[in-house]
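In what follows, subunit A forms one complex with subunit B and a second complex with subunit C.
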Partner chain A sequence: MSLPQQLETQPEMETDKPGKRNKRPKRNRKKPKQKMHVFDYINYTILTILTLATIYPFWYVLVISFSTQEGYYQSAYHLLPNSFSLETYKYAFTNDQVFRSIGISLTVTIGGVLISLVLTAMGAYVLSKQKLKGRKAFFIFMIFTMFFNGGIVPLYILVNSLEMRDTVWALILPMAINTFNLILMMNYFSSLPESLEEAAKIDGCNDFQILFKIVLPSSKPIVMTIVLFYAVFYWNDWFLAMLFISNQDYYPLSLFLRNMIISSQNFMSTGLAIQVPEMLKSAVIVISVVPVMLFYPFVQKYFVQGIMLGSVKE
Partner chain B sequence: MHLKGLRLMLSVVLMLTLLTGCFFGGGGEQKVDKEVSDSGKSDEKVTLKVYRPANVVDPKTDPILQEIGNRLGVNVEIVTAPWDQSNNKVNLMMQSQEEIDIIQAEFQASPWKQWAEDGLMYSIDELLKGKEKDFPYVESITKAESFKGLQVENERFFIPGSHHGQDTALFIRKDWLEKLNLEMPKTMDDFYNVLKAFKEKDPDGNGKDDTIGLQVTMPAPDNFAELDPVMHGFGGSFGGFFEDYVVRNDKVVPLETTDDTKDAFDFMNKLYREGLMNRDFPNLKNVDQGNAKYLYANKAGAIWTSRASEFETNIQKVDPNAKLEFVPPIVADGHEFIPLQGSAWWMMIGIPKSSKHPDEALKFIEFVNSKEGRELLVAGIKGEHYSNLTEQGIYDRNKENWEKDYDVKANGYEYPLWWGFLTTVHGYIPVEEHDTFEDALKNVHMFVSEEDSKKEFNWKTAVEYGSYYNEPNPFHAVYIDSAQDKRNTIQNNVKAVYFLKMITADSEKQVNSLWDQYINAWEDAGGKEVIQAYQDFYDENIK
Partner chain C sequence: MQLSYLKKNRYLYFMLIPVLLWYLIFMYVPMYGLILAFQDYNFSAGYFGSEFVGMENLKILLNDPSFRNAFVNTLVINFYRIVFGFPLPVIFALLLNEVYHMKIKKIIQTVTYLPHFISWIVLAGILNSLLAVDSGIVNLLLEKLGLSQINFFLENDVFRPMVIITEIWKEIGWNTIIYLAAIAGINPALYEAAIVDGANRFQRILHVTVPCIRNVIAIMLILQIGNILQMGFDQIYNLYNPAVFESSDIIDTYIVRNLTNSSNLSIPAAAGLIKSFICFGLLVIANYTAKRMGNQGIY
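And now, the complex of A and B:
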């Protein structure tokens, strides 16, 4: 059903208000019970196994993070906790490096999302204007970077030359605009009615005011989707920190965690006796995952909407 | 609405400013910088940028690095990257010609030769000209016979990052031996019987058939190092980058294709089939995984390691009576034990042309390898971290000060940069007391804390035990361009495939068939041409 058709049928639907007696037979209101077929059972079984396979690693990490060292050594692979201790979390939260890394990740994520959102929105808004002269050329210029980039050496030289090494900017600015996100946003803006902006112009708004006061507030789904994309990227990214941060005190949580997990394997080859306990690795994994898990439910409802609305043209 | 948005934006900006201030560049560090600046000395000192993978100390506040800086009259800055990304980082620095004074790169994984040929590195010969006596360590190691293979067109560009020798050995559960009235194994048959008893006679006393003899893990598809004591007990070899070939009667022999190696595979397959070693070893990617499942769970009787002390402590958390003991090399009947063809180095250290202070960089390299430098990097600052270091290399550690300056919970009472910071020797190599570097290395002077010296496993005993199992390979620093591709193919496509198949085969007959296939594949991949290339190198340079 097209949107105009939906709008036409809406008044009829409104008459079917709760509390009003429906004249239709009662049994018709009942949802027909669907018969389960063999295929459904197989389907549910496979999906259940897949779900368990997805949940198990998280569950395992959670269990180990609360284990005592002795409990872990007695049985490294167990489904149900065989011991319980908060010592590892206590250590993690009192460890300066963990605390500092969380702070740096928060700084980079909040700052990065804000900067990226503003820049992406401005780029997308301009490119969504059909009347923009040279729009196609600009668009091709942007698209080109999706398929070909300058490579890592120029990026490294550029960031170093701008003296951004060992600063928060090295973790934010190089990836401030993601072309894919920009296209998503641009498509969404294109789908907004022209009349909205025309009305704003009549009221005396300039382009910035239109973007920040009219367009962005009307584009909550795409804004939240883009915020999610950028937030997850900045929170998880370790590569830029690996390239540009030399002082371990300034490592974001992702790089700190990554080092911690791979360290025992690498150190082993040099015969060194530095070992990060599995419980601590697990605890830091849990700590790093929790913020994303807390954040996701708030934007989930906009997520599908944001992607789909931007992609469908009428 | 407008005001609300403005407030929100201002709040975010304020929060960001606060966070950035908190986590990037704390007030303490600024103070240090200012103090240095106020003294007027910082301007006189040059800043040396040294690359060191996986650095965990802050040069601005680290007392030992500052002490080194003071003694050499330089400021030390460390550029770093995580271990597994180290080669990428060094490559980037070299390609972008970033200003860096000292780099260290892995021998096998970095194009060090190319850098020298492309003129990106300072020649050590040129830097040392007329000053050889002031740089005894650099002069000795770069002129060593065993490192001749690192020269590029007869010129020295790199200094090997030395190692105190291999410190890995076989250890066995002594308490299990005693409990089951078994002797320390001497022959491979003894070893088999001990492992069988460990599996079948319930040494942990829990009434379950849940123990194994030998614990093995496999860090990479071609890494069978933890089975080395068995392989070398038969006089064979898995062959690796540093232990491929030996010389017999002036002929280069690839041990990986000899009958001795075949016999070793038969034996390992027997251990595997009978469950005397853990059958899941191909899935255990690191020793910590294996330990968690077997050794620390009180379920494994023997292991190949350099971390005996740490392992023993952890097993004792589950079984307080657990005791590990060093096992001298075990020899199979009718075979001769061949030591691992190990190496005494692992990194290429050089001074790139982008360095603005090549002379200071060379002095720095010399210092951190000297007795004075090693004392600082291992024992710490005299009067602060220790008060006395004896002739025997025993030092009294001041734990209180050590805890004040370093995260002992993460690194123990060891300075994080004692290893891998242009050298990996828990002591020093006395080059000035010996004519050749090789002799000096055999007499490496180890440092051990007083507390550790009373323990059975410490740095001194580790090197002593390791020496039973290892000796330097004549080809350990030889890099032959023309043979390299074929060597890689053999390592990755032939050995990695057939070795695992032979160990895990269903029967001895299958091992025989796989061995024939392996030899054919080895020859097809150019094994004979590789040996010829090494033979030519031996005839021309070593013979």
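And now, the complex of A and C:
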């Protein structure tokens, strides 16, 4: 796409000068000197409402998760905490199953991100070589899967017949490569200056060394972006777990949470299931959201430029 | 191809092997597996031992009222989702672009991008609490206003709008990214010229910003229409229940429900086959149109 002329500076800068001296030139944006007009007040009001509406649901569960039983029943809106207790978290963290499922989720996330990143980077790097013979065929081979796929039923049969059921592999391998991410990365690599690799080639590096020692370290925006995308996918994934994990001992946190929520949904609609205490549900929600919330703002500054440069036509 | 060429680039080709293998196993084997839509599949016999029944499964499927319901719902829900959900991020991006305090703008962006990274399970849990009868804030407010409480999860009339609104809420921030980038790429000279010509803020937005990003808007719209059959599974599967199947069961939820609840895999596979082919057609058309407009499409 013809979008981001303003991003022409990035990759070289990230690579060459690790020192802080080379500060990014300040963009010549309009200064906030401008006088506020009626329009601005209305605009700021709308945006503030939208922002608060985004925060409130998360704030709500946070408040509930820290409240005591009485505190929970006293307040209706939970705008401000009216009591404080760590009981729920103590309970959650000493509960074997919560503890185990956090471990499973971490394993799958870390392992999955590593595998996905390596596979995606290798695919993207090779495809970024415009002149490589056979490139076009490989490219079509991968791209075609974005247009047409077998769907979930044959995948279900495949994973079962590979005997990956109830193993972490079932949670990692079936979605290990996201073709969209691969293309983002490929476009990013294509935008890197060729001189970067030529120097390394003269020094006798092979392609593996070039990719992992030179290209990846100098592509921080796209690497961080892709890591975020994969990490969030693995951390949040419940679907593969629901299909392929039947042993409760291997439940990732997301599936554990899902079962909790489904059972409280059933309680609401039928009254037949066991009611999960609202505080416990909230605490598990907070536990599963916090890693994402802590990780994502650090990457935010990268992904805008990662995505943009990645979506520039080669 | 010459041997010396292969040898010179051998590491590149080596690198590709695991990637191609992955695609072969996890993408192309399942594609082949779609033949089970034409079989009376049973696990022990596998693809090769199962009996072929031709179009039987497709016939059963097309006569199944719940599949037809799911098919129509998919189209209707995503139609509303596009009609209401598509323009809002554009407007949001335009408003955000008018914020001159960079810190404030950054905070708004950080906050509104966040829900994109939160799973629908978590959001379903939160929504269950917020929309609960007697204890959820929404119903308490309704009561205060003298209206009667609504059971959002059991009434077909309200479940569908609720699904659409919450989806918009989740993605509105994230969807502005591409528009904000497009706006940032607009040549500042255009604004200066507009100011010289005496254009006010609204006129600048309407006559400079919008025309400059019109192409991007069109592409996004086309691509979203191309994806119309693929959206919404995570959300609906975690929110719905049998009481609202009528208004919210979509093809994907139909497939997964039948996959996990019944022993006959051929029926959901046939549903998947129909979906895959329609998707393919839509995506090819969408991509072709996007390319015709001088852009790259989805790749």
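Observations on the model:
One rule holds in what follows: the second predicted complex is superposed on the first by the 270 of 314 C-alpha atoms of A that agree within 3 Å, B and C clash if a C-alpha of one lies under 4 Å from a C-alpha of the other, contacts with A are read in each partner's own complex, and residues count from 1 in each chain.
One rule holds for everything that comes next: contacts are C-beta pairs under 8 Å (C-beta built on N, C-alpha and C of every residue); 3 or more make two chains touch, one makes a residue touch a chain.
Here the structure is a predicted model, which is why all the values come from computation and not from measurement.
In the three-chain model built by superposing on subunit A, subunit B clashes with subunit C. In the superposition on chain A, contact of A:I152 is made with both subunit B and subunit C.
The partner that reaches more residues of subunit A, of the two candidates subunit B and subunit C, is C.
By the document's definition of touching, neither partner reaches A:L62: not subunit B, not subunit C. By the document's definition of touching, neither partner reaches A:L192: not subunit B, not subunit C. Of the two partner chains, both subunit B and subunit C are touched by A:E278. When both complexes are overlaid on chain A, the residue A:M164 reaches neither subunit B nor subunit C. Looking at the shared chain after the overlay, A:L119 reaches subunit C, while subunit B stays out of its contact range. Across the options 170-178, 260-268 or 278-286, subunit C meets subunit B in a clash only at 260-268, per the superposition defined above. On subunit A, the patch touched by subunit B and the patch touched by subunit C overlap at residues 76-77, 152-153, 156-157, 242-243, 258, 264-266, 268-269, 278.
By the touch criterion given at the top, residues 1, 5, 9, 11-16, 18-20, 22-23, 25-34, 36, 43, 46, 92, 95-96, 98-102, 104, 107-115, 117-119, 121-130, 132-133, 135, 137, 140, 153-154, 169, 172-173, 177-178, 180-182, 184-185, 188, 201-202, 215-216, 219, 234, 238, 241, 243, 252, 255-256, 259-260, 265, 268-269, 272-273, 275-277, 279-280, 283-284, 287, 294-296, 298-299 of subunit C touch subunit A in their complex.
Within the complex, the subunit A residues that touch subunit C are 1-6, 28-32, 34, 37, 39-40, 43-44, 46-47, 50-51, 53-55, 57-58, 60-61, 64, 76-78, 119, 122-123, 125-126, 129, 132-134, 138, 141-143, 145-158, 161, 173-174, 176-177, 180, 183, 206-208, 211, 228, 232, 236-239, 242-243, 254, 257-258, 260-261, 264-266, 268-269, 278, 281-282, 285, 288-289, 292-293, 296-297, 300, 304, 307-308, 311, 313. Across the complex, subunit B is touched by residues 69-70, 72-77, 91, 97, 100, 103-104, 106-107, 110-111, 114, 152-153, 156-157, 160, 167-168, 212-213, 242-243, 246-250, 255, 258-259, 262-276, 278 of subunit A.
Here subunit B touches subunit A in the complex through residues 1-2, 5, 12, 15-16, 19-20, 22-24, 54-56, 58, 77-85, 89, 92, 95-96, 98, 166-168, 219, 285-289, 292-293, 296-297, 306-307, 309-310, 314, 317-318, 346, 407, 409-412, 419-420, 424, going by the rule given at the top.
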